[in-house]
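Presented below is the structure to which this report refers.
Think of it as A, B, C and D in the order they're written, each chain with its own count starting at 1.
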Amino acid sequence: MTIRVQREDFDPGAELARFSSGKTNVGGICLFVGLVRDYMGHDPASGAQVNGMTLEHYPGMTERQLEAIEAEARKRWPLDDALVIHRYGRLEPGERIVLVAASSAHRDAAFEACRFLIDWLKTKAPFWKVEHTPQGDAWVDAKESDDAAASRWDQAKA
Amino acid sequence: MTIRVQREDFDPGAELARFSSGKTNVGGICLFVGLVRDYMGHDPASGAQVNGMTLEHYPGMTERQLEAIEAEARKRWPLDDALVIHRYGRLEPGERIVLVAASSAHRDAAFEACRFLIDWLKTKAPFWKVEHTPQGDAWVDAKESDDAAASRWDQAKA
Amino acid sequence: MKVLYFAWLKAKTGIGEEDIAPPDGTATVGQLVEFLKARSPGHAAAFETMSAVRVAVNQDFGNLDTPVKVGDEVAFFPPVTGG
Amino acid sequence: MKVLYFAWLKAKTGIGEEDIAPPDGTATVGQLVEFLKARSPGHAAAFETMSAVRVAVNQDFGNLDTPVKVGDEVAFFPPVTGG
């Protein structure tokens, strides 16, 4: 189980190679990589151009929250391993922001835990994005869709 | 959109690196890797030891079915790209069997398409596993759980 | 007509692929199966439990009612277990 | 008591971190906010719309009723947007 919060880029291929090596009691690995898009909002056609973004975070609380999220995932699914890497600082379009991965004997658990990790992280880990656009900087608003995605898991627990 | 059916191993890290490079209008990439486990059935404690397996397939129909599955995924979700690699032949425990990946502007689509690809593949692509155990060879039975997983998507379509 | 067998159907028939000329009036997969069952004890064993057998006609999944004709490629196999 | 501000709350207050000594009787986040609002026009602006403000006490999420005491680390920030 690994948590990394870092300014520098990561190599998703190398991370996956390391994460998946030497596993003989694992049926599946699910991995998600989140990237910086070059437009604002949900629609590439209507979204304003984004030249990059800067991710601010709350050092200390970030690691603490990510560890809590990972511990919760391990409680809910029979995981072999989990990995969370989240960057902060200035990021250009196409750059990687986040990687989450989960491995389990069963693919259902790998998929669900991976999605849980990214859904919860998006609403519980203290990161904030400011987008750099030709019109100036704009703090990204929290998305209702992210709250909805995360609250699915609250219901699943109850 | 790429489909590969091959005897030789693949490097999941290199595949992910290639799949994720140069994407600036993609928000997320979801990837699943399926591995050979070293025990039979669902429970490592009670499952008999497996020394490896051989995957037989139906050349021609395999590619045709995988292409149809991928086309269906593209119809259902706004995908940027998709990748399916499936091996055949003799595989040892811990070896990679299959890799599926999907990229989209939105993580929901990436996750759902990726899971759809593996769920459908497991019930519609003509592969058969025979497990090699100390007690002899045994053809793997189709799992009801796989049928259930695939049929979820039938209902989602209706 | 080309008939293919995979997995344990190949083991039971002892054949991976055979060219066969079914009798006139063989219009469906079900009729073809009746013809094939009579070819050898191995064929009979392979087709003993039809609920465990799947079929593809020209590489698309079919069933016992799927039409077959001269020149078709018909494959018999158990439920798939890839992935 | 250490108070931290992130994202646009940092921009509005002009402060990333400050050590403050709230008056006796400041027992909750809500009472602390009332005290902080009076420190500068920037603070007042930062706390103008409390529905847009989130709080953590000692790095755990809280709310206006969460108790605070001397020595605590209290952080104010907008809803998170990572991932």
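What we mean here is this: contacts are C-beta pairs under 8 Å (C-beta built on N, C-alpha and C of every residue); 3 or more make two chains touch, one makes a residue touch a chain.
Because the structure is predicted, anything quoted here is derived from the model rather than measured.
K.L.:
Check every other chain and keep only those touching both chain B and chain C; list them.
P.N.:
none
K.L.:
Rounded to the nearest whole Å, what is the centre-to-centre distance of chain A and chain B, using the mean of the C-alpha atoms as each centre?
P.N.:
Centre separation, chain A to chain B: 23 Å.
K.L.:
Centroid from C-alpha atoms only, then distance chain A to chain C, rounded to Å. What do you get?
P.N.:
Whole-Å distance between the two chain centres: 49.
K.L.:
At what distance in angstrom does the C-alpha mean of chain D lie from that of chain A?
P.N.:
So the centroids are 26 Å from each other.
K.L.:
Averaging over Cα atoms per chain, report the distance between chain C and chain D in Å.
P.N.:
Computed from C-alpha means, the inter-chain centre distance equals 73 Å.
K.L.:
Hey, what residues on chain A touch two or more of the other chains?
P.N.:
34, 118
K.L.:
Mind pulling the residue numbers of chain D that touch at least two other chains?
P.N.:
none
K.L.:
Pairs of chains that touch, anyone?
P.N.:
Taking the chains two at a time, the touching pairs are A-B, A-D, B-C.
K.L.:
Along chain D, where are the residues that touch chain A in the complex?
P.N.:
On the chain D side, the touching residues are 4, 6-8, 10, 56, 59-61, 75, 77-83.
K.L.:
Spell out the residues on chain A that touch chain B in their complex, using ranges where they run on.
P.N.:
Residues 11-18, 20, 22-39, 42, 44, 93-94, 96, 105-108, 110-111, 114-115, 118, 149.
K.L.:
Please output the residues of chain A touching chain D within their complex, sorted ascending.
P.N.:
Those in contact with chain D are residues 34, 55-58, 60-61, 64-65, 86, 97-98, 118, 121-130, 139-143, 146.
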